[in-house]
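Lettered A, B, C, D, E, F and G in written order, each chain numbered from 1.
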Amino acid sequence: MFSVLWVVFIPFIFAALTPLIQKFIGEDRIGLWGVIAALLSFGGVLSLAGYGLGDEPLYVIYEWAPTFGLTLGFYIDGLSWLFAFLISGIGVLINLYAYWYLHKPDPFGRFFAYLLFFMGSMLGLVLSSNLIILIIFWELTTISSFLLIGYWSHTERARYGAVKSILVTSVGGLAMIGGAVILTVITGTAEFPELIKKAAFIQEHALFFPILLLLMLGAFSKSAQSPFHIWLPDAMEAPTPVSAFLHSSTMVKAGVFLIARVHPIFSGREEWILLIASIGLITMVLGAYYALRKVDLKAILAYSTVSQLGLMIMALGFADVLGAKATAFHIMNHAAFKGMLFLVVGIIDHETGTRDISRLSGLRFTMPKTAVLAFIGAFASAGIPLFNGFLSKELIFEAAYDQIGVASWMAVFPVFAVVGSILTFTYSMKIFFRVFYGEEAKELPKHPHDPPFGMLFSPGLLAAVTVIVGILPFIAERFVNAATAAITQQPADFYLTIWHGFTPALWMSVVTVAIGIVLYSRKALLEVLHSKPPFGLTVNAMYDWWYPNIMLGAEKLIGVFQSQKIRFYFMYILGMVVVLCGWVLIRDGHFRFIPHDLMHAETYEYLGALAFILATIGVALFRSRLAKVISLGVVGYMLCATFIVLRAPDLALTQLLVDIVTVILFVLVIYFLPQLKEVKESLSVKIRDLAVAGLTGAFVTVFVLAVYAHRHTTSVAEYFLDNAYELAGGTNVVNVILVDFRTFDTLGEIIVLAIAGLGVYALVRMGVAHKKKKDSSI
Amino acid sequence: MNLQEIIVAFFLLVGIFFIITGTVGLLRLPDFYNRIHAPTKATTLGVSSTILGAVIHFYGFPPADGFKELLAILFIFLTAPVGAHMLAKAAYHSKIDLWKDTIVDERAGKRVIGEEKMPSEEKLEKEEEERTPE
Amino acid sequence: MKISRIIFHIVLALLWCMMHNSFHPATFIIGYLLAWASTSMFMILSKYKPFRMNIWEAIKLFFVFLKEMIVANIQIAYIIISPPMNIRPGLVEYPLDIKNEGAIVLLANMISLTPGTLSVDIAEDRKYIYVHAMVMETPDQLKQKIKDTFERRILKMLGEEAEERRP
Amino acid sequence: MISLILHRVTRVIIHILLIFSIFLLLKGHNEPGGGFIAGLMASVSIVLVYLTYDIETVKRFMPISYPAMIALGLFFATGMGLGGVVLGYPFLTQTFDYFQIPLVGEIELATALIFDIGVFLTVVGATLLIISSIGEGS
Amino acid sequence: MIGLLAIIIGFLVGTGTYLILKKTAFKVALGLVLYGQAANLLIITMGGVKLGEPPIILREAGISYSDPLVQALILTAIVIGFGVTSYLLVLVYRAYQAHDSDSVDLFEEVDDK
Amino acid sequence: MINNLAVYPILIPLVAAIIQLFFAKNTFVQRVLSVVSSALILIAVVFLYIDVRTNGIQVYWMSDWVAPFGITIVADLLACFMLFLSALASLAMSAYAMVDIDANREKYFHFPLFQLLLMGINGAFLTGDIFNLFVMYEVMLMASYVLLAHGSEARQLRGSLHYVMINLFASTFFLFGIGLIYGITGTLNMADIAVAVQNADPDTQGLLTAVSMMLFVVFGVKTALVPLFFWMPDAYPQPPVATAAMFAAIMTKVGVYSITRTFTLMFPGDEFTLTVIKIVAVASMLIGVLGAIAQTNFRRLLAFHSVSQVGFMVLGVGFFSPMGLAGSIYFVMHHSMIKSSLFLCSGIAERLTGNRDIKKMGGIIEKHPFYSALFLIAAFSLAGLPPFSGFFGKLILLFAGAELNEYIFLAAILVGGFLTLFSMVKIWQMAYWGKREPEFNKVKVGSFIWGIIILVGMSMVLAIFVQPVYDMVLEAAEQLLDPSQYINAVLRK
Amino acid sequence: MIEYLALIILIIISLSIALCMIRVYKGPSTPDRVMALDTIAVNVLAFIVILSIVLGTEMFFDAVLVIAVIAFVGTVAISKYLMKGDIIE
């Protein structure tokens, strides 16, 4: 049990300690720290081989947040162990390679911290038994790969690639979260073993397809399936070890892993095949086509990866044992040869200073060792016998061919599998022959030669695996069987051999190679593929359009509302009040004209009200500010009189005093303010303002009357009247309320006043002296 | 209707009479300097007799109590002339013209009131320009 | 000086008592203390030139003023209300005999309180009060009237004699 | 000097106003008035002094720091409340009692008055701080 | 009576609204003062306009008083409104000093340094 | 002796402020008092929480007058959480302010004003009286007005002009609302109002809904919901960063708190109300984040995010289920920590580069990797990426929505999360990535980041211990959904 | 009896206040408006006195006193502004 935690968390812990260790052993040697971490993790994985390759999986759970089905659970079966094995194993090689690859002024410590962080996340992802925990690690790989891709962030391209990768993959990630939450809520669990038990229930559920689609969006975006594939080529801006690690064997396979993981839960229904196999197929063909059109070696490899991932996903989409088996095998093989190819490209880039296929040629003379490696990688990729790629591709052909039996339209799968493979064969040949054959290239940025042993070691090892598995495939049998059993939840017991006899798959391979050779040797045919983009509007162009335009659009949208003109803000608030409250009032029939009985009043009250209203309107009407203030003063007096009429002497006093002080304040401030400019308001603005004013005024009147009609019959005020004298010792109940019953309000009130005072003081005193200060002599 | 009521009524009527003349004067008189005489009337005699009437109403005649109320009269007599004076001075200062039929202006040509010079004449003039309501 | 201040204190204390509607000694003492506190706080504001005052003349002045005010009120009221407005307004320069600033202010305020006349300003050299009157026959008549009704009596009250200083 | 008349009248009336404000403060518990009204009253009267004199003069004869006055006011109000807490009552608990004082008779003393004084001081301090700050700001 | 009061409140709010829709900071401040007064009037209305004695206890039986609680609330509200209004006014004036404009609209320069 | 625990969070800052005012010239005493006050509140809140957990809702009668007549201080679990947050934030801000606030501001009452702000905030969380809530709001707002313009720089003055006006305007509607509530119910005590609302006849119910909508708009303005938020992005970037962080961390939450309280206790949500709340919440979530995307001013961008994040919290209230409310509270906690640390981060970035525009920044990670890492954690937490607190906040809301079959809102949460990530990535790649050899002002970053470390650390605690924290907030949510607990505690003791 | 009279007077006073508003509207100068404001203050004062009679309570007299003693401060402030432009030197 412990070793599971060990495997997952060792890289994290080592990553976190990197800055500290770097201080001790020096930046130059921090790479060794990474290698040690990876080795420790790899050792842990090996120690778990018994579960991964045996019959009984390991399933450990640490409770975390049961409400959300969150358990820190780990599930080690053939599938997850295979992935963990690849991740940690290749991780060791990558760390080793990077130790030689990096050079100043790159910050080494940060690189290895990111790399270990990524490795840990990836291990957590594949080992977790819980869908939500898987997603958590999934997002961690997103974050860490974001940091890795943007490692050379001083270059525009690196930032672009990193941003693109995180944005595109997190679209899927978020969808996945949605799907996982819904799935957890309807089933009550997020544990894969539990979910598998409930597969029938899930497949019956009305939300089956939404959940599947949401989860698959995650898988497709991570595994760069069309149309999400766009991020992967730009992610090649990362240092080559990163590309080799992330984009050959680990991160991009997370999607494949997820599909394999949920295979037993979802694969029973047709939607599965329709969705997954088709997307895989499209991606495979498109990816290979793009790879063929590229001249940058890394770009070729990137699209090649896209294509290969499509191939695997297509096979998983078949939802049968053969597809699962083919995928499992191809995952291994692809990791080996593609990882190696990336490292080789890294070497080429490192030694020649360029990755442009049109500038490179004839490197076999100067870099013979590298050439051998490249040869193995390219031929494995092309699916030539004796290399491992051939074997797994053949299995996929077989699986695809079998689909014809399921439904006749599914003949598209074998047909297009061949088409894709032809393209793959062609670009693989390009990789090797264009770079290593032909005239020896002149004018390269650097003088090429074979790299140091350290850099050759990792690709060399992978090359060995490629060849050995290609020749002696039974070595991989246990791995593949265990993984297949895990994917299909059925015992799997296959033999892997080079020769199956003259099966349809073999003929498909023959056709592939034959047409491939024709295609590669006929330059004219290649030219056709190169020159004309089949459609103008590519997904990439859409992304590039969308990225700045969402900002521009947001700016425009916000600019419309956030006009920085406060009158509109007021109108929004008023509008919201009037609409919400008004709607309820009208709905419930509270909206009526003033009833006659409510209008009963003394004559003097009518006259006073008239004066009040006149004064109120005056505040708005007068043009001179002083006149406005005077009118406001009158309003204050009228309010005072109103308070008297309503038997509120304290209020009348307060209002009077406040009125005077307010008038003085206004006059004081008028002095400092500029003359009111004669702002010509258009008639429509005036009408608008009047309409808004009238509407709100009427609304408040109606609201007040409606509430008054339903006024309380008893209130707490009676208590105050009853007890003010006996219990609080005062006859002025208002004052008693202020200083006794509700002292805290009064305390708050004077605090407000105190702050206002201090605030004004600070405001006036702290300001920079106003340049155009009025001549103080006046 | 007893004597006290009669006295109260008398004072109230006198009060309201002067108050209303004050208002009428405020409306009718031709220029600011004439108009300002009107409120003086309302404040002095009008308000005093109103208050007196009220005091008698509440406390009898002669009032045995209600000194506080009477204090209001004192306050008015203290403050009213100052307000009127300040306002008139300000008006004169801001060059508000005397009525065309004013018979004499012995201060003409000596417009400067007080020690200091006029503040910003333009400013006040502008204020004047704007005084017509919309 | 002391005495005038004490008198002022007493007046203030009496006002305090009036506010309370109570002339209880305790109230008075509290009022006196408050008056003392207030005048001490605003020391500068409480410095008065000492002057003697004839109480009898003061009372007489008060009633004369009352009479004048009532008469003027009625006159002016009549003018305001009568349909043809018989006003003869003017701004006159009223020459002062009084020297004491406090007394000048007293006079000026009396003028203002009497309807129909208003002190617009006191000249810088304290020699004139500028009076706006609503009705006057001639400026001299108006000045004479002010002199006779108010200024002389004020001077009397202060125990001074009016210099003959005809305008 | 803006006006002799204003000067002279202010000299007299300021004391009346202040005393009146104290009157409003003290009787607020039983009749209209109270700390806030009294505070504003006192503020207005001192504003009158500001209007009559210039700021420098007022500063000279009234060397009061308004921020300190505010602090003092808050101190009174809060301190009164805390007094209750110390004695085991909730914050801001008020009490009152009637006392016989020779010569004066029965008077009521309420802790509310202390609170009201706090209100008074804060209001005066804040209002005057505002007005004098603007005045000075010119 | 209540009808009249409601109409007055409506006018205060309406006028206040008209003013706050203006461009001049000073007018907006005026409008807000009117709004505050409307609020005060509204609250006292809600205490009822049944018009008893002012809430100063006369210690006699059978007297009905007007609602003291609303009055206390309004007093608090007036004070708070006064404090905020004063601060706002000074802010208006200081903002004018700083930018030489008493418009309420913000400028670009406010956005970024 | 009575138990004064509930009133300490109000009392401590008040007393501290008064003492600080007396020590107006001694800034050292003021600084120390600031930190001490926050620490004391924090301790008091922890004890208060324990008290509430063991003895139920704590009710404190101010001035010794029983409810509903006097002002009642009520500490329930929600209030405790909010108090905890405000104390935590103020502690972090005080630590930051020690090095950030300039002498001039210190001289002009920065510290006492801050304490009074805190008092207003805590008062708003604790009060059980609707009018007192208004008063506490005003204390808080008044202090915030002053702190916002404190320093009187030109752009501050103008920025705060809108802020003051809008809030004054909204406060008026608050008063309208209180008046109308009193008119209908005849009481101001929130528990008493709740009883009155329960007993109201059907004819009056509609009126009460209308009044509650008015309050919703008021709180919506204060908490900056769409379409009421426009004042906020111009205001919050203006003051010193410690102040801005406090505003962002706690002040907007007061509005959320009030909405929660109003629509759980006084006007328990009906169909119409909840629909309105949810629509407004979603609009805020999306429009707020779009606003953030449009900005390049660091602080404005963060301010816009608050609009969006508040939408998440209010959405939880709109769900009106235990899980929804729990999610809302959790989100409030997460956001107050994360948003304030982001603001503090922006302050450091400004100091380093002398700029507020991220376009003019770059390469911070090269020189200050640790500080950059703190920012990154906070940024990704805000964006809701796991394993940070924001992820769990969102997760709880997602679960709540899924349980109620509110799939549209689920989608909105996810879209909002994506756009948030977009904008955070934008900051990161513009300001922290970039130049290889950046040139910065001399800043002792080490002395600034303690506040950030506290806050980010707490948010990590929130994330790691999500289950216990969730259990705690769920308890609070259940308490909210059972208003009788509150009512009984207040009205019958 | 007196109450009836007082009621009539009240009507007259409120009419008077309304009429004063005409002067506020017409101006034409600021001092005219201030004067109208002053007159309104006086009218309100009288209004309160008379209303006290109608209602039979003396509780409003403090307001009377305050108007009497305070109203002129506003006038002084505006006057000083008109005179000097600056109301506090």
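Please note the rule applied: a residue touches a chain if its C-beta (ideal position, glycine included) is under 8 Å from a C-beta of that chain, and two chains touch if they have at least 3 such contacts.
Since this is a predicted model, take the numbers as computed values, not measurements.
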item: Touch-network distance, chain E to chain F, counted in steps; value: 1
item: Chain of greatest Cα-centre distance to chain A; value: C
item: Higher-contact pair (C-beta pairs counted), D-E versus B-D; value: B-D
item: Intercentroid distance (Cα basis), chain G paired with chain D, Å; value: 26
item: Chain A and chain E: spacing of chain centres that average the CA atoms, whole Å; value: 48
item: Intercentroid distance (Cα basis), chain G paired with chain B, Å; value: 10
item: Interface hub residues of chain C, defined as touching at least two other chains; value: 15, 19-20, 108-109, 119, 121
item: Set of chain D residues in contact with two or more other chains; value: 2-3, 5-6, 9, 13, 16, 20, 24, 30-33, 36, 41, 44, 47, 67, 70, 74, 78, 91-92, 94, 123, 126, 130-131, 133-135, 137-138
item: Chain B: positions in contact with at least two other chains; value: 24, 36, 38, 66, 68, 71, 75, 78-82, 85-86, 88-89, 113-116, 119-120, 123, 127, 131-133
item: Residue ranges of chain A in contact with chain E within the complex; value: 564-567, 570-571, 574, 594-595, 598-602, 605-606, 609, 612-613, 616-617, 619-620, 625, 628-629, 632, 635-636, 639, 642-643, 646-651, 654-655, 658, 661-662, 665-666, 669-670, 672-674, 676, 679, 689-690, 692-694, 696-698, 700-701, 704-705, 707-708, 711, 715-717, 720-721, 724-725, 731-734, 737-738, 741-742, 745-746, 748-750, 752-753, 755-757, 759-760, 763-764, 767-768, 770, 772-773
item: Chain F-facing residues of chain A, complex; value: 19, 63-68, 70, 105, 107, 110, 132, 135-136, 139-140, 142-143, 146, 150, 153-154, 159, 162-163, 166-167, 170-171, 174-175, 177-178, 181-182, 184-185, 550-551, 553-555, 557-559, 561-564, 566, 568-570, 572-573, 575-577, 580-582, 584-585, 587-590, 700, 703-704, 706-708, 710-717, 719-720, 740-745, 748-749, 751-752, 755-756, 758-759, 761-763, 765-768
item: Complex contacts: residues of chain D adjacent to chain B; value: 1-3, 5-6, 9, 12-13, 16
item: In the complex with chain A, residue positions of chain D that touch it; value: 24, 28-37, 40-41, 43-44, 47, 66-67, 70, 73-74, 77-78, 81, 91-92, 94, 96-97, 108, 110, 112, 115-116, 118-119, 122-123, 125-127, 129-131, 133-138
item: List of chain F residues in touch with chain E within their complex; value: 131, 134-135, 138, 141-142, 145-146, 149, 152-155, 157-162, 164-165, 168-169, 171-172, 175-176, 178-180, 182-183, 188, 234, 296-297, 300, 355-357
